[in-house]
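Quick notes on the structure that follows.
Naming follows writing order (A, B, C, D and E), and every chain is counted from residue 1.
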Amino acid sequence: MPEDAAPALTTAERDELRRQGILLTSISELYNWGRSNSVWPLNFGLACCAIEMIAASMARFDIARFGSEVFRPSPRQADLLIVSGTVTKKMAPQVVRLWNQMPEPKYCIAMGACAISGGPFKQGYNVLKGIDRFIPVDIYIPGCPPRPEALLHGLVELQKKIRGEKLSGPGAPRHLQPDNDCTYPVPEFGEHDLEPPRNPAVWQPPILTRPDKA
Amino acid sequence: MPPAPIFATLDPDRAFLERAPLLVRDFVTGLFPPSLQWLAGNLLAVVVIVLFFASLFALLTLAERKILGRIQNRPGPNRTGPAGLLQPLADAVKTLVKEDIVPRAADQVLHFLAPVVLVSLALMAFAVLPYGRHLVPVELDAAVLYFFAAGAATELAVFMAGWASRNKYSLLAAMRALAQLISYELPLLLSVVPVVMLAGTLSTTGIVAAQAGWTYGVIPHWHVLTPWGAAGFLLFFVSALAESNRSPFDLPEAESELIAGHLTEYSGFKYALFFMAEYFGMTALCGMGVTLFLGGWQAPCAFLEFIPSYAWFFAKLLLLLGVFMWIRGTLPRLRIDQLTRFAWKFLVPLALINLGTAAFWQLSAGWSGPALQLARWLVALALVAGPFTLLGRRLSAGVAPRTYRYAA
Amino acid sequence: MLASGSAAAPFSSASVRPVHDEFHGDLLEVSMGPHHPSTHGVFRMMVTLDGETIVRLKPVFGYLHRNHEKLGENTTYLGSMPYTDRLDYLCSMTNNWAYALAVEKLAGLVPPERAEYIRIILAELTRLINHSGLIGFLMQDTGCSGTPLMYAFREREKVLDLFEALSGSRMMCNYQRFGGCRVDLTPAWVDSARRLVDAFPRFLDEFEALLTGNEIFMARTQGVGRLSPELAVNAGLTGPVLRATGVGHDLRKVDAYGLYPRFDFRVPIGAHGDTYDRYMIRVLEMRESVQILQQALRDLPAGPIMDPKAKLRGLRPKAGEAYGRIEGAKGEIGFFLISDGSPNPYRYRIRPPSFINLTVLEDLCLGHTVADAVIILGSIDIVLGEVDR
Amino acid sequence: METAEQIRDRLLARFPGAEITVVTNPGLSAQHSLLLGSPHARAIAQFLRDDPTLRLDQCSNVTGVDWPEKEIIDTVKVTVPDPAGGPPKVIEQKNKRLTPAYLEVVYHLYSIALRHGPVVIRTRTGNRSDQVDVPSLTPVWRSCEFQEREVFDLFGVSFSGHPDLRRILMWDGFKDYPMRKDYVDPDDYEWEPTPHDEVLARAKVHYPATPAAPEPKA
Amino acid sequence: MLGSGIIKGLAVTAKNLAGSFHDPARYVTQEFPEVQPQLPENSRNFPFLVADDGADPMGTLRCVACQICEKECPPQCIYIEKSKDKKPDAAGKLQLYPAVFAIDTSVCMSCQICVEVCPFDAIKMDQVFAIATTDRFNGLLLNREQLAKSNQYYHSIHPTEATEVDARLAAERKAAEEKARAAAAAKAAAPKPAAPPPPQPPA
């Protein structure tokens, strides 16, 4: 509600607005409650972390308790992309494509060191140093690999994040902003590296300052 | 125009619970002017069926996830609402608010129509099932025919979806769906023919009525308790699994091979509609199975008749659906050629022979005395078991457990 | 048994009909993967279909190529050990062992007896979880709704609990060291391992009751993906895939590395080389592994677990080269190291069994359907971390 | 099993014109290998596979090794006559030379039928730039198919006679040979909070040019 | 007979379905956020720095900034800068300390090699795993203050190992003290006795 935009409201109008606000609030609560309790991940494993992701859906940990055991193989029906493992440069375009194919509202969890930053393999010539160079990531789960419980914890954090989203206003999530077509450019294979090697709209690292070491 | 009899007339001997649905109906239709009561009654039936089966669908998805969970030593969804009961609601909200993606290359009209057609066809099948003693939404003389006509058309909607998506996996799924339709419609129908033949009617109420009564008050006269009926029920059940695309015949949406088959390009609520139609189809087929072979709404023993008939119907229905889920939790999937071979070389001949068994059963109905009765049973059982064994041996030729050697 | 006279290596039939053919209509080219539920990660198969029948299949690799060998040449010998965990990330213990073996050959270290026993125990436990997990995944590909996989992972969690109690990590154990092992077994650990091993045959029985005699499973797997022993040997296949063709080649017997000659176990071999054989060989191997485990846990000697000559840091083996290989769960996993006397290996090469086992994928799949290709791939047992490295 | 020298002798008897050298392995495993000259390599490989006493039916492992030119300083003692007519002096003379640069392919052969091995054979390219051809052994052992493709992809060794020589791990348009020792990977070091050595040097390019900023946490 | 294998399989799943209601071996779920996992002692996730005194962690870090772990760390996720001055350690010896000690948990592979190579028992493995975050850059880079945990904490997660380490350190300290005492005695025996000044902590 842009409150400062309407300074000359009568009390009645103000009450009316408030009532709408309450309605809107309960709708948004239902909306967020439904989405947060029905997060269907994409059935998409990349590397070692995928095994822990599978383990999280197995009997010991049972991700089904959160309503998330419906691992959809098709991106069209998935709400959550768990990037579970090393994203190589050869794989990065496909990951971005999958992300583009998912319908909004969608979320991304970078599971494990490799997905966050390239992890132990970051010095490799074919390893992308973190999937957040191309797509926006909501939750980062460090670990190599994170325990299944850590993934469940990440999922709970994601549910919290979804529940905290607002339906309107400037803080609205990406998919509710009108001028957002929610597609991300897919990098292409170049002669030495991906082209472009990063998506500057998504990847904005802070500037590191460091005293001279030597 | 006089009000058409939507439901059969009220039986005054019945208990209150038995009559309760009718009383509610009469109360609601009574609120309308008499000239509109036929319309109100029809609409009420439609609304009740849609609402009831939609919520049954919601519960079934939850039940399936919970049963699969329990089979796999885990609880399944249990934190959305008390014991996870609100999980379907959350899923519904989620699918409703998801973005709806139509691929640019897809046939826009067919891509939209397929789920709509599928759900409406699946819903149509519910019109002729007798849910209770007097609860038949539409009393049709050719109810069985109508039911299978509506059921067969659903596969066309699957084909529509697969073709319209312009996705190679969807296309493969569409091809599979058609092959499956052609193969399994036949045994499904053939397994029903004996029932129709013996009951002498295509009306579902008539078929249920033909299974009324008990021997000694405890052994019901259900078709499934006769040799031909048991065989027919098994044939029907297997064909119904295939017809409703359930494991082990879930080839069109074979997840491990074809991503999600015909559903690959569907998102949001359209996907939910497909899911709903699958469950509707499964429920309707189970309902038909209950009607044809398990005595419909009849109680299993005379002294259990105090429980209202619709409760019996739904108890049997849920039992069958539970078996569907149990099978889904156990069995791997067949291959498309094995699926068709199974239908044409095994189910169809068995169903045809079963027709003969049923005919024999009907002809020998007059045999009396324990010796003749025994002979009747033996002959009928032999007619069922013999072909099953022989055809089964041919079908599984070359497929057997093996013994293994050890290297020196 | 093995033909030796053929002049050239056997290849899959080269005469595949063209994609466009006026008599048969167009063929369908499907790219299965790298995102596909049944490619066990990010493997990709370019499949050409005639109806549903495969007429051409080209595997595409590299979607998980994380430059393992390059990293291995830029880090110390010890520093590569945790990376080997991530090769075949289901079997970190056997990878550790193979690498340790190669370095021990290079540096002349000899692990003490107790360490060898511990290695055997851990390797066989790894074999149990790998094979049961593989069968679970295979059944998933065959279309089960997760049930066998769940049972397999139920048991796997028990083994992982043991691994975690010993090494600290569930999957990435980083446990073996050059010349021995990092941590010693405690008596409590041995007891729980013994309990697990004794209960394992019951699980196997249940698993087999669920799968082995199932008519649908047999129909899906028997006669599917047949492989001749000649081709299998020539294509360098190893492990259960090779033994399913009837070649009794098991490095535990052939190389007799570690202390395997002390143990009484048999090597099951198949006769048909089809998918069902590959499944059954693994089931039987698990039963043999249980035998080995029972003997090892019974006879576990006391003593040190590290070669006294070994030191943790600053290993600089003499210049030279060595190739160490062991029978991993998926086949022969080998490490080829060239040392130039510096702390880093000059060349660090992994011989990945599942990569080489994929050589025959096209031969196995031709003439079968998409559904078969999926289970054939599943029965070869690949892990992409190892295929692409 | 025969030693490498015995095999070489037998091979030389069978293939009189072939170049076959025993490459000694100074390491503890002492696994010597046979260096095969390109012209006869495939025929020799086939002989090794089919020879009844060897029957090396399994080619287990194929590896590329990059040997760039390396400067070696040989210390030679030279006797120099004293120009002043005294007794000749022995002085040490340091000769710098470059080792030839080449790419090497190593094959580990085993016999499954006779349960012995390994016999290690090697082939070498002429140099690292334009003469990178060696004969492919894929027609002899099918197991070399993917492994030789991998060597081609990562080292740039071109196998003549390989049925399907394409890049296997990297994408098709990739130009470099990343496993060579002189490969420089593309720069993406803009966020390296814990860099070292070479990485530190490369990461610093991305840091702002503030000299010796005070550590904020101290 | 056709179907017997299928029925056997159905029996197995039915047994598990029923067993999940009464048999703990057939109902293995640990409901995570409520039931925390029982981690074994050896379990490890990310490293932490041991501080002898939990009240003053920065003053009593065992780490002497020798940078061995930084060099041995396979993925190179540790960054250390030595201090310019020296502080006395627990044994009273003047030692450098890390002015900067950063571990990038977005890179760390939990391999434990830093722990193995540390000659001062200064770095150990933590067991905390519920650390999912939305903060990519600052949430994952742990600095000295975040890494330092007390010796009591170390005892609480790895009791056996911590007791061993404490015993070893005490023995080393005692040996050092005895050596110092012997040296002092030797000096005292010398004509000009001059006791070594007690180590003063710098201000």
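One rule holds in what follows: a contact is a pair of C-beta atoms (placed from the backbone, for glycine too) under 8 Å apart; a residue touches a chain by one contact, two chains touch by 3 or more.
For clarity, every value in this text was computed on a predicted model and none was experimentally measured.
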Where subunit B and subunit D overlap in contact partners, by chain label: A, C, E
Chain at maximum distance from subunit C, centres defined as averaged CA atoms: B
Pair sharing more residue contacts (C-beta pairs) when B-E is set against C-E: C-E
Chain occupying the middle, per Cα centroid: C
Chain separated most widely from subunit A, comparing mean CA positions: D
Interchain centroid distance [CA atoms averaged], subunit B/subunit C, Å: 44
Euclidean distance of C-alpha centroids - subunit A vs subunit B, Å: 40
Averaged-CA centre spacing for the pair subunit D and subunit C, given as whole angstrom: 27
Interface hub residues of subunit B, defined as touching at least two other chains: 71-75, 255, 259, 329-331, 396
Subunit C residues counted as touching two or more neighbouring chains: 36-37, 62, 65, 67, 70, 82-83, 86, 147, 150-151, 154, 157, 172, 210, 212-218, 249, 388
Junction residues of subunit A, two or more chains touched: 58-60, 62, 65, 73, 90, 117, 120-121, 123-126, 144, 147, 205-206, 211, 213
Interchain contacts, given as pairs of chains that touch: A-B, A-C, A-D, A-E, B-C, B-E, C-D, C-E, D-E
Footprint of subunit C on subunit D - complex, ascending: 25-31, 46, 49-50, 52, 55, 57-61, 63, 65, 106, 108, 112-113, 115, 118, 120, 138-147, 154, 163, 167-171, 178-179
In the complex with subunit B, residue positions of subunit E that touch it: 1-3, 6, 9-10, 12-14, 16-17, 19-21, 26-29, 31
Complex contact set, residues of subunit C against subunit E: 75-76, 78-83, 85-86, 147, 151, 154, 157, 161, 164-169, 172, 174, 182-183, 206, 209-218, 312-313
Footprint of subunit A on subunit C - complex, ascending: 34-37, 41-42, 62-68, 70-71, 74, 82-83, 86, 89-90, 149-150, 153-154, 156-157, 170-172, 384-385, 388
In the complex, subunit A residues that touch subunit B: 30-31, 33-38, 40, 58-59, 62, 64-67, 69, 72-74, 76-77, 79, 101, 103-105, 175
